[in-house]
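The following blocks contain the structures, represented as structure tokens.
Each of the next two complexes has subunit A plus one more chain, namely subunit B in the first and subunit C in the second.
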Partner chain A sequence: MSDCATPVLIPEEGQHGDPSASLIVRTGIEWYALPGACVREVIRWRAPTPVPGTPAVIPGIINQRGSIVPVVDLRIALGFPASAPERSTRFVLLHHETVALALLVDAVIDLVLLDEDTFEPPPAGRVRLLAAVSRYEQRPLGVIDPGALIAAVQEGL
Partner chain B sequence: MDLAAFHQQFREEAAENVRVLQDGLLALETEAGAGQRRATVDRIFRAMHTIKGSARVLGFEPISRLAHALENLLGELRQERRVFDRPLADALLRGGDAILALSDAAVAGRAPPLDVEALIASLPASAEAATPPAALASPAAPPEPPRVAPPSSPRAAGQTVRVRVDRLDRMLNLAGELVVSQQTLANHADELRTLQAAVEQQLHALRQLEAELARLRFSPMQRQALDLRLAAAHEAGARASLLVQQQTERFSRHTGQHELLVRDLEQEVMAARLLPIATVFGGLPRAVRDLAQATGKQVRLSLHGETVELDRKVLEAIADPLLHLVRNAVDHGIEMPEERQAAGKAPQGHLTVRAEAASSEVRVVVTDDGRGIDPQHLREQAARRGIISAESAAHLPDHEALDLIFAPGFSTASVITDISGRGVGMDVVRQNLAELGGRVEVESQPGLGTSVTLILPLTLVTTRILLVRVGRDSFALPVSACRGVIWIDRQQVQSLEGQPIVEHEGRTVAVRNLAELLGTEAPATNSGAGRTPAVLTGGPQRLVALLVDELLDEREVVVKPLGALLAPQRRFGGAVQLGDGCLVLLLNPAHLIPSVRNTPLETPATAPRVRRLLVADDSFATRELIRSVLQSAGYEVVVAVDGADALEALRSEPIDLVISDVEMPRLNGFELVTRIRAEREFHHLPVVLVTSLASEEHRRRGLEAGAQAYIVKSQFDQQSLLEVIRRLLGDER
Partner chain C sequence: MLHLQAVGQELVHMIGATAATLAFEVQTARRRYFVPRGHVDQLGAAPLPNASEAHGRPLLTRDLGPLLDPEDSGAPARQALTVLLRRRTVVLRVQRIESLESVTVHPLAPLLRRRLRAPWVLGAVIRDDQPVLVLDMRRIATDLALGAVL
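Let's look at the complex of A and B:
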């Protein structure tokens, strides 16, 4: 199957994403898509303030223009070990319903329009965070369900 | 067109107009002057008319029909074709309540929660129906009232707009950010002054160089060239110095001005969030009236200080506690008229609710002239309920005995009445207040009355905090939750019930290590000899000294919420941004210190180290059975009503072993075991499943999930349970 993605502009700091687009991010060697409707902005990594007693998936909180935003490490949410931040490490600010969070990803790759007709149901197994599976540059691409992600994180609190 | 915004507005407007109706009707019950009464009737008639009109416009048919029926009654009252009596007042009040319920449902898109037609039919019959039709020359419809917009319009001074609270919160947040960035600007100004000093130093060095060169021999040619260069250097230096000086001055002036602006802005935004306490007082007259009627008592309510302003959040949070206190006063405080007369008092009881602003606090005092609280009665009650031992109860001074009404599970009414004895106890009142950073105090004179004082922070915008260091991290504690700071000498620490304690001003104070409570690091850091600072917190009955590494500062800060994702955790109430931009978590001491229910510190110590077991079962009977078995075996027992509750208990206090039912709501026993095993700190925590599920399949599932033992209820006997527990706890060692 060929690519089903059309590139669009990545939102700069402070800009809103295109609601119909998806933000492609990398975590380890895996690529995931975040629905553009809930992506607020992409910001550089900075050291979060740890919150004792919270699970490892929440490495801490950051202050984003006066609001406290909890950081959620996508790596740990997906079951990978944590890793040290690199030059490409980013926070993707997500707003879903009443919840705001800064998703820690290893890199932000692209902002694209995914063709929803090509979405397939996620494979059986550990897929509780995925809404669907698509393809991007000959790779499998997990489409993250923000609601499921938040539910999974809150369950651990 | 999107009607949603209008719906919201309609609901608010309806609430306001129903409030006008209620207040008006209550006023009519006491007002005597004919002119005054007419004005009141006009006012409530207009309020009802407005509701009817708006409901019709938005297509809320049942509301408009009901409002129309009520308007007819009011119209007749207005034309003096009907007398104002209690049944009419009751009917109108009921109608007002129904309008509120209907508008809530209509705005939320739900079906009407009540039968409107039946309600309309139940209203007093129209006067026209009773009067012979011949007597009515004019049509039955009430005359159109003068078209007046909602009741706020007569207030000419200061126009108002409705602003969404979240918008105000964001504005406040941004103002708070400005304060922080103002701090950064001030730092820049300091740096500029350092730069200025550096330039001066450079000029000074240049002059020294010049003097040094003057002492050396040079040819006239060389001298001339040097002078030229030196002059250029001087000129450049002087220019740099002047520029730096000018810029520093300008910058400092600007920063100073900016600081004033930012402070003004912050204060304005804070003030915008303040509301008069009248919004909370509004519901009290009705509550007192209804309650007095229901109990057959006579009560006069006086409200004072209705214009005192408080933060909207504080108001929201005290509405229920205040109502509870007022209900309590009427229900338990004020006596029946005969009883009052027998005691030589007026048959009508007097209840006063007074708000007073005092610097950064607001005090709301609820005073009644009822029977008061008998400290001796409280002592007996507390001892009977096992809240404290009979012996320690007997030794409590009166004012501390009064404090017992705030103990969890304490109710002074010998009969739980349907009015005030419905679950919200005084312990909840105290807890609500504590969460706001306020306090509640009670005073009482038996036979003369009781006075309960709520002490509230004026605003929640800034909070006074104590900044402490624990290991490498800093944490903030709300000053309102701190009862002082003491220095604890390691030598003074003794042990009681396996817990470290110290004696402080004749009281026994539990000692807890903050680092240990937070799980931030091994508590070894300050376990050596010497003195350690500790923050005193907790209620007067249960003081706790929190050991910290260092006391850093006390200051006024803006506390920011941690957001929806972290809302389930209760240990931190928010975060604070310090001037340098770094974040510090605000501790919530009430949820930090594990509650040691049913075992106050007065209990004499028996065992050197009491094992604490957690029993999770959704059946009250089973839970209590297991609890009593374990307690009589000398264990300390904490109970949870389901798996989720159990997890919360596990996170809030140290537990040595868990005994859990399998079938529970929210989180069942298997899931609970899985979750316990998934967390590193509970990895070795023994879990015993006690269940009615006898199948081999379930036993296997339980053990697979990580339970150490599986006991079937049908085979339940005390000895085998206790043996299993002893074995598991022994293995642990």
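Let's look at the complex of A and C:
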């Protein structure tokens, strides 16, 4: 499912996770899974520097240890309206192939091992960014396809 | 006004994916930007509203802050950066010109560059742990002169 190279997972608290794990994040009231192999880091929100002429899905850029990384708002990518940052708002630093981005999410929930046998194809309307759907703690869970997300942002989401 | 065209060659050298260049740090009402020195022909106090070019044509004058960010307005623009194009003189007003320094410019990620409505940003400089945009002032001035900006 994932083309993420060099799987390393360094969540906010500093523990190193299993690259086969998934990072569960919240956007609005919905929960999504990000492939752990693509996740480099979880960092607290700070105001990104806006870049004139960019769409709302890219609210700006941040500096992460000397690298300038574009921010992608997962809310907007999924078709929800933008919202003001809260205490729980985080950037999830994703690397996929040659692309690095800071994914803006409303909260990071957990780092878990998902049973891929429970994955089902995504519903027709949401198929664009999702690799699969599943359940986690009795909630529906969308499994994000990072390649599809990046392609959608590049193509004019 | 200080005329900058004769102040020597701009120092630009590519080091991997980054470039060092001499740039002015300018302050708008809410933001700061860097502008490559080689993009600016004159700098000084903001001109009067009815100022004109040498041959009588009105100066094309805009506030830089709201041009880049509609929410970036409010403070009076006291200073100006002037770009001399072949047919027009474009004046971009800022609140303050802070400094002229050598900065290392980080290019924007292709993901971002591809989505720019207009190529007005050359890259970013890291200042106080924050990215600060480096503007392509000649491109901005050209777009203004062409009427490509409302």
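The rule we apply is simple: the second predicted complex is superposed on the first by the 141 of 157 C-alpha atoms of A that agree within 3 Å, B and C clash if a C-alpha of one lies under 4 Å from a C-alpha of the other, contacts with A are read in each partner's own complex, and residues count from 1 in each chain.
What we mean here is this: a contact is a pair of C-beta atoms (placed from the backbone, for glycine too) under 8 Å apart; a residue touches a chain by one contact, two chains touch by 3 or more.
Since this is a predicted model, take the numbers as computed values, not measurements.
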Subunit B and subunit C placed together on subunit A: clash or fit? clash
Check your understanding: Thinking of the overlay built on chain A, is A:70 touched by subunit B (first), by subunit C (second), by both, or by neither?
Key -> both
- Query: When the two structures are overlaid on chain A, which partner does A:153 contact: first (subunit B), second (subunit C), both, or neither?
  - Reply: both
Inquiry  = Just to be sure I read the superposition right, which of the two partners does A:49 touch: subunit B = first, subunit C = second, or both, or neither?
reply    = both
Of the stretches 55-63, 271-279, 523-531 or 613-621 listed for subunit B, the one clashing with subunit C is residues 523-531
The shared contact residues of subunit A with subunit B and subunit C are 49-55, 58, 61-63, 66-70, 99-101, 150, 153-154
Listed in rising order, subunit C residues that touch subunit A in their complex are 68-69, 106-112, 114-118, 120-121, 123-124, 126, 129-133
Listed in rising order, the residues of subunit A that touch subunit B in the complex are 49-55, 58, 61-63, 65-70, 72, 98-101, 150, 153-154, 157
As the complex stands, subunit B meets subunit A at residues 173-174, 176-177, 180, 473, 518-520, 560-566, 568-569, 571-572, 574-575, 577, 581-585, 651, 679
The subunit A residues in contact with subunit C across the complex are 49-55, 58, 61-63, 66-70, 99-101, 150, 153-154, 156
